[in-house]
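Note that the chains take the letters A, B, C, D, E and F in the order they are written out, and that residue 1 is the start of every chain.
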Amino acid sequence: MNNMEQQFLEAGTLMLAGMVFVFTFLTLLIIFINTVLAKLAVKFPDPVPSIRKRSNKKNNKAVSGDISPAIVAAISGAVTRYRQQHSQQPSSSQEAKK
Amino acid sequence: MDSLNKLWLSTGLANFELGQVIMMLVGCGLLYLAIARNFEPLLLLPMGFGAILTNIPVAGFSEAGGFLSYVYHGGIETGIFPLIIFMGVGAMTDFGALIANPKTLLLGAAAQTGIFATLFGAIALNAIPGIEFTLKDASAIAIIGGADGPTAIFLATKLAPELLGAIAVAAYSYMALVPIIQPPIMRALTTLDERKIEMAQLRPVTKVEKVIFPLGVLLMTIFFLPAATPLVGMFCLGNLMRESGVVDRLSSTAQNELINITTILLGLGVGSKLSAEAFLNVETLGILGLGAVAFSIGTASGVLMAKLMNKFSDVPINPLIGAAGVSAVPMAARVANKVGLEANPHNFLLMHAMGPNVAGVLGSAVAAGILLALVG
Amino acid sequence: MNNMEQQFLEAGTLMLAGMVFVFTFLTLLIIFINTVLAKLAVKFPDPVPSIRKRSNKKNNKAVSGDISPAIVAAISGAVTRYRQQHSQQPSSSQEAKK
Amino acid sequence: MDSLNKLWLSTGLANFELGQVIMMLVGCGLLYLAIARNFEPLLLLPMGFGAILTNIPVAGFSEAGGFLSYVYHGGIETGIFPLIIFMGVGAMTDFGALIANPKTLLLGAAAQTGIFATLFGAIALNAIPGIEFTLKDASAIAIIGGADGPTAIFLATKLAPELLGAIAVAAYSYMALVPIIQPPIMRALTTLDERKIEMAQLRPVTKVEKVIFPLGVLLMTIFFLPAATPLVGMFCLGNLMRESGVVDRLSSTAQNELINITTILLGLGVGSKLSAEAFLNVETLGILGLGAVAFSIGTASGVLMAKLMNKFSDVPINPLIGAAGVSAVPMAARVANKVGLEANPHNFLLMHAMGPNVAGVLGSAVAAGILLALVG
Amino acid sequence: MDSLNKLWLSTGLANFELGQVIMMLVGCGLLYLAIARNFEPLLLLPMGFGAILTNIPVAGFSEAGGFLSYVYHGGIETGIFPLIIFMGVGAMTDFGALIANPKTLLLGAAAQTGIFATLFGAIALNAIPGIEFTLKDASAIAIIGGADGPTAIFLATKLAPELLGAIAVAAYSYMALVPIIQPPIMRALTTLDERKIEMAQLRPVTKVEKVIFPLGVLLMTIFFLPAATPLVGMFCLGNLMRESGVVDRLSSTAQNELINITTILLGLGVGSKLSAEAFLNVETLGILGLGAVAFSIGTASGVLMAKLMNKFSDVPINPLIGAAGVSAVPMAARVANKVGLEANPHNFLLMHAMGPNVAGVLGSAVAAGILLALVG
Amino acid sequence: MNNMEQQFLEAGTLMLAGMVFVFTFLTLLIIFINTVLAKLAVKFPDPVPSIRKRSNKKNNKAVSGDISPAIVAAISGAVTRYRQQHSQQPSSSQEAKK
C-alpha cells in the first residue's frame, strides 16, 4: 500500500497544481481580453457598412444582369398581389434546397 | 480436397476466437448508437466499423501491412489526425460569445475539475484487484472529463496508447450522453429562480478582437505551457484562418473536406485499437465508470462556479451555462439552453452558453498540456 | 510438361472451388435478403411522407419559392416583352462569373 | 564547353532508350483513348500521363526519391488507394435494385465465370514460349474478368506487382470497350423475343433494409471469406456511410474529394508501372488477349444464366440484364438498357440491370478474396 | 514543490532563447503582412504560423516525432507538396492568351534574366565576410527571380534545404510586393506613347490547341531538359486535366480541395524551417537583397525585350506587358493592366499580359531545370 | 580569391548557358505553336454551336423552360424580398442547416 499512498500523493499534487494552473491561465486570458482586446476594439472598430451600398450589392448579385431594380420592384409587386390571392401553402423552399 | 481444406481453413468460422466475436458485437453496438440513436455518429460510425474490421480473423487489418495498421501508425500514433481535426474545429469555432463575456472563462476552468478529480479516482481504483493504473494511465483516463474527443485521443496516444480504444469509446459515448447526464445534475444544483435568470444581450465583438484572440491564446500557451501548444496551436491556426478573412478557401477546406477525410480515418484508426485483449478487461469497466463520474463532476463544478460568481458580481449569470463548461461543443450549450427554456420560455441561453462551451475546449487543452508536462 | 499438367490441375481445382464458392456465397446473400431484410422491411417500414408536401417541394426546387408555374409563365411573358423593348447589351454576366 | 557538354548529356535526346520511347507512345495512346474517345478517362488520363512521366530518362520519377515512387510505394503497394476508392464507390452505390430483386445476384455470380475461365486460359498460355505465368500471375490476370478496376489493382498488387501495369491497362481498356464487346455477344445468345421481355416494376426498398444490407454482406464475408474483407469491408463502410444518413458530410467527401484525390494519385502510380521491361513483352499481349476472352465469357455466362433462370422461374427475366453481371458499373447496365430498347422501344431495363451490375462488384470482390485465400 | 518546479521548468518562460523570440516576431511579421496587408496570405499565413510553432521551446514541433517534422520530411523534403501545388496551378492556368500570341513567350524568356543575374550576384556576395554561398546555394537563391513560389521551394529543397526558409520568405514577400516594385521600373523604361499602345484583340483559340499545348510543352521538356519534368510535368498534367474536359471532377479537386490542403501543410512545413540558426544571419539579408534585385532585373528585362521586339515586328506590343514575364501570376498581369490604364483609359492589357505571365511560369520552371541539371 | 574567380567563371557560364537555353526552348515553343497548333486549329476547329440551341440549353438548365436565368434571378430576388418582409417567423432554417 505504500506505493498506492505515494500515487495518491502524486495525484493530489497533480490535481492541485493542475487546477491552480488552469484557473490562473484562464484568468490571465480574461485579463488579456479585458485589457488588450478591449483597447483594440476601441481603436479598430469594425467599419460601419453603408446600408444602401450593401443592399444594392445584393440586388446586383441576385439579378445578375441588366434588369433594373425598378423592374424587380414591379414584378415583386405583381407577385405579391398574386400570392396574397392564391397561395396558402407554407413556404418549405428552404428545406427543399437542402 | 487439399484446396477445399485450405478454403475452409481460410474462413472466419474456422478461425474465430471468442474475444473477436465479442469485440465485433461491441463494434455493432457503436454502430447502433451512431445510426439508430444518432450518438456522435461522425466518429462512432467509423470507430465501430473499425472495431469490426480489426477483429476479423485472418484478414489482418491491424497487422503489419494491413490497412488499419497504416492508418493507426501513420495518423494516430504520430498525432497528425487529432491535430488536423483540432485545426478544423478551430476553424469552425466562433469565440465571439467568449470575448463578449470573458468571465465565462472561469466556468470553463471550473469544469476541468472533472478531469483532475477523475485522475484521483483512477488511482483509487487501483485498490480493485485486476486494475493497475499507472499515473500515465490515470492521466489519459482523466482527460475523458474534458469532453473533447481529439484532445482525449491525442493525450491517450501519448500517455497510454494501450487504453486508447476504451478511452475514445468512453469519451465519445459520454459526449453523446450529455443531454441525459447533465440535466438532472443541473436541476439538482439550482433553484427555479436561478434557472429563470435572463442574461443581458452580448456586446458586439469586432473583427480585430477576433483575429487577435487566437494569437493571444497561443502566446500565453507558449509562455506558460508549451506542452499544450500542439493542441492549442493547431486550434488557434484554424481559428486564425477563419477570422482573418484572407484565406477563406483554406478555412473552408479545413472545416469541410480535410476534417471529413481525417475524421473517417481517425475513427477507423481508433476503432482498430478495440481489440479483445485491450478492451475486454476490468480496466475498461473502470474507465467507463470514471468517465461518467468525470462528466458529472465537471458539470456540477461549472454550475457551482456560476453560482459562486453570482455572489461576487452585479451582472447576474444563469448558473445553467456553467454546465456548458465541460465543452462537448455544441451539445452542452444546447442542453443549457433547453433546461433554461423549461424554467422560463423567454430565456434564450444558447449564445451565452457558447462562451463557457468554447472556454471548456481551451480549458481541457490546457489541462492536457499540464498532464503532458508533468506526467508525460 | 509435367509441371504444366499440375498447374492445369491446380487451376481446374481453383476454378471449381471458386465458382462453387461464389455461387454459394451469393445464394446465401439471396436468402439473407429474402429472410432477414424482408422481415425488417415489414417491421420497420419507411415513414410515409404526405404526398401533398412532396409535390410542393418539387415545385419549390424548380422556381425557388411557392409560385406556381402559371405565375412564372405570366411574369416571364411580361419580362420578356420588357426586355425586348429595353435591353440591348448582350448578357455577359455568365462569362464574368467564370 | 564542359557546361555545354553537361547540358547536352542531361537532355532527353542524349539518353533515350527505344523502350522508353515506345512506352511514352503507349502513354499517349492511353491519353488519346481517354480524351478523344472518352474511354474511362478518370483513370486512363492520369495513368497514361504516369506512363509518360515514368519513362522520361534522367528525371527518375520512379526511382528512389522520385515523385511517382512515393505515390506507388505509399499508396498502391500498401493497398491504401484501391481501398479508399472502393470505399468511395461503396458510398456511390445504391443497392436498392439488388435488394428489390435479389435473384439478380445469381447473374452477378454467373458472370464471374469470366474470371475463373481466364485463370485456366492464363495457365494454358504457358504453352507459348516466352510466357511463363505462375498461378499467382494467372490469378492476377484472371481478375480482369471481374471488370472492376480497384479490385484488379488491389489483387495484382498483392499477387503479381510486376504485371500491375498491363493488368490495369487491360482492365480499364476493356471496361471502356464494354459497349463494343458486349452487344454482339448479347444478341447472338438471345432471341428477339427474349430481348423484348419487359420486367415488372421493382418494389420499393426501405431505408432499414439498405442500412442492414452492407452489414449483412460484411458479416457473411467475415464468416466465409475473411480474405475478401479488405475490399468488401471498405466497400460496405462506404455504403453504410451513404445509407445510414447520419454522416452525410463524410459520405459526400468519400464520394467526391477523397475519391478524386485518390484517383489522380492511383492513376499516376499505376501508370508508373508501365515501364518498358514490364510492359513490352509477349506476356502483355497474352494479358490483353485473356482480358478480351474474360469479358466475353463473363458476358455470355451472365446472359445464359438469365436464360436458365427463366426456365425455373415464373417471373420472367430479360436475359440482357445478365450481361450487366460483369460489373463495369454503370456502363454494362446502360448497354443492357440500350440493347433492350433496340428490340422493344418501351423496354427500360436500366434499373433492372443495376441489380446484376452491383452484384457483379460483390461477386468479383468475393472472387478476388478466394484467389487471395488460395493462391496468395 | 518538486511538481511546481517541474511545472516551472516546463514553461516557455524558463526555456526561451533569444533567437526563438526573434523568430517568433518574424513569424508575427509574416502574419501581419498576410492578414493586415493581404500579402500572399494563402502561403504567408500558414508560413508565419509555422515559424511561430517551430520556435516554441519544449514543444518540439520540428524535432523527431513533432507534427511539423512529419509535414516537412513527408511533404516538402520529398518534393510532393510543391509538385501537387504545381499540378493545381496548372489546372487553374488558361494558356489561351499565350497560344493566341505566342511571341509573348519571348517576354517570359527575357524576364528570366532576373534569375541568372541573381546567380551572379549571389556569388559576388561571397566577397562579404560571413557570406559563403556555394554554387548550389546561389542557384537556389537565384530562383527567387522566377517569382514562382512552388518552383522556388522545390529547387531550394533540392539544392540548399538549409536556406529554404529565407528563400521562401523572400520569394513570397516579393511576389506580394510586385505592385510596388514593378510600376516605377516600368514607367522609367517606357515613354508615355509606348504605354499608350493598344493591342489587337486576341484570336480565339480552339479546344484542340489547348489540349495539345501542355502535351507539346511536356514533350519538348522531355527532349531538351528532363530535369525540369517534375515541375513542368505536373503542371502540364494539371493543365491537361483542365483542358481535356473529360475529367472535370479531378480538375476541380486539383484546383480546390487538394491544393488547399497542400497549401496549408506546405506553408506550415516551410515555416518550420524558419529557425533562428537558419534565418538569423547575414546570409538572409543577402538573400532578401538579391531577391529585390532579381525582381527588378526581371521586370526591366521583360520591358526592354518588348521594346526590342517592337523594332522588328509590325504588330505593336505594349512594352508594359513585358513586365508580366516575371510570372507572379496573376498579380504582375494586373499591374501591367493598371499601369496601362493610367496612360490610356481605354487600354485594357490584362488578357495580353496573361501571355507573358504564364510564359514566365514555364520560363522559370525551365530555368529551375537547367540549374538542377548543371548544378544539382 | 582564386576560388571566387572560379565561381564567377562557373556562374558566368551558367548564366550564359541558361539564358541561351531558356530562349531556345521558348523559341521552339513559339515554332510549335505557330506550326503544329496552328495546323490543328485549322484542321479541328471548335464545333460552331448554333446560337439558338445554346441559349435554349442554358435556359433549360436553369428553369427547365424557356425563361432566361436573368429573369429567374430577378423573380427570385423579388420573391425573396417579399418573403423577408412578410413572413414573421424567424428564419431558423439557416441554423438548421448547420
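Descriptive notes on the structure:
Heads up, the rule we're going with is that contacts are C-beta pairs under 8 Å (C-beta built on N, C-alpha and C of every residue); 3 or more make two chains touch, one makes a residue touch a chain.
Everything numeric here is computed off the predicted structure, so don't read it as measured data.
Taken together, chain B and chain E share the touching chains A, D.
Which listed pair repeats A-B comes down to matching contact pairs by residue number; over half match for C-D among C-D, D-F or A-E. At the far end from chain C, in terms of centres built from Cα atoms, lies E.
Different-residue interface: chain D and chain E share under half of the residue numbers found at their contact. Chain B and chain C have CA centres that are 36 Å apart. Taking the mean of the C-alpha atoms as each chain's centre, chain C and chain F sit 30 Å apart. The geometric centre of chain B is 41 Å away from that of chain D, both derived from CA atoms. Counting partner chains per residue, chain D shows two or more touched chains at residues 3, 7, 224-225, 257, 370, 374.
Counting partner chains per residue, chain F has residues 10, 14, 17, 21, 69-71, 74-76, 79-80, 83 touching two or more of them.
Considering their complex, residues 3-4, 7 of chain E touch chain A. Considering their complex, residues 78-80, 83, 87, 211, 215, 218, 222-227, 229-230, 233-234, 237, 240-241, 244, 246-247, 249-250, 252-254, 257-258, 370, 373-374 of chain B touch chain E. Remark: chain D residues 98-99, 102-103, 105-106, 108-109, 112-113, 115-117, 119-120, 122-124, 126-127, 135, 138-139, 204-209, 212-213, 216-217, 220, 224-225, 359, 362-363, 366-367, 370-371, 374-375 touch chain C in the complex. By the touch rule above, chain C contacts chain B in their complex via residues 10, 13-14, 17, 21. In the complex of the two chains, the chain A residues touching chain B come out as 4, 7-8, 10-12, 14-15, 17-19, 21-30, 32-34, 36-37, 40-41, 43-46.
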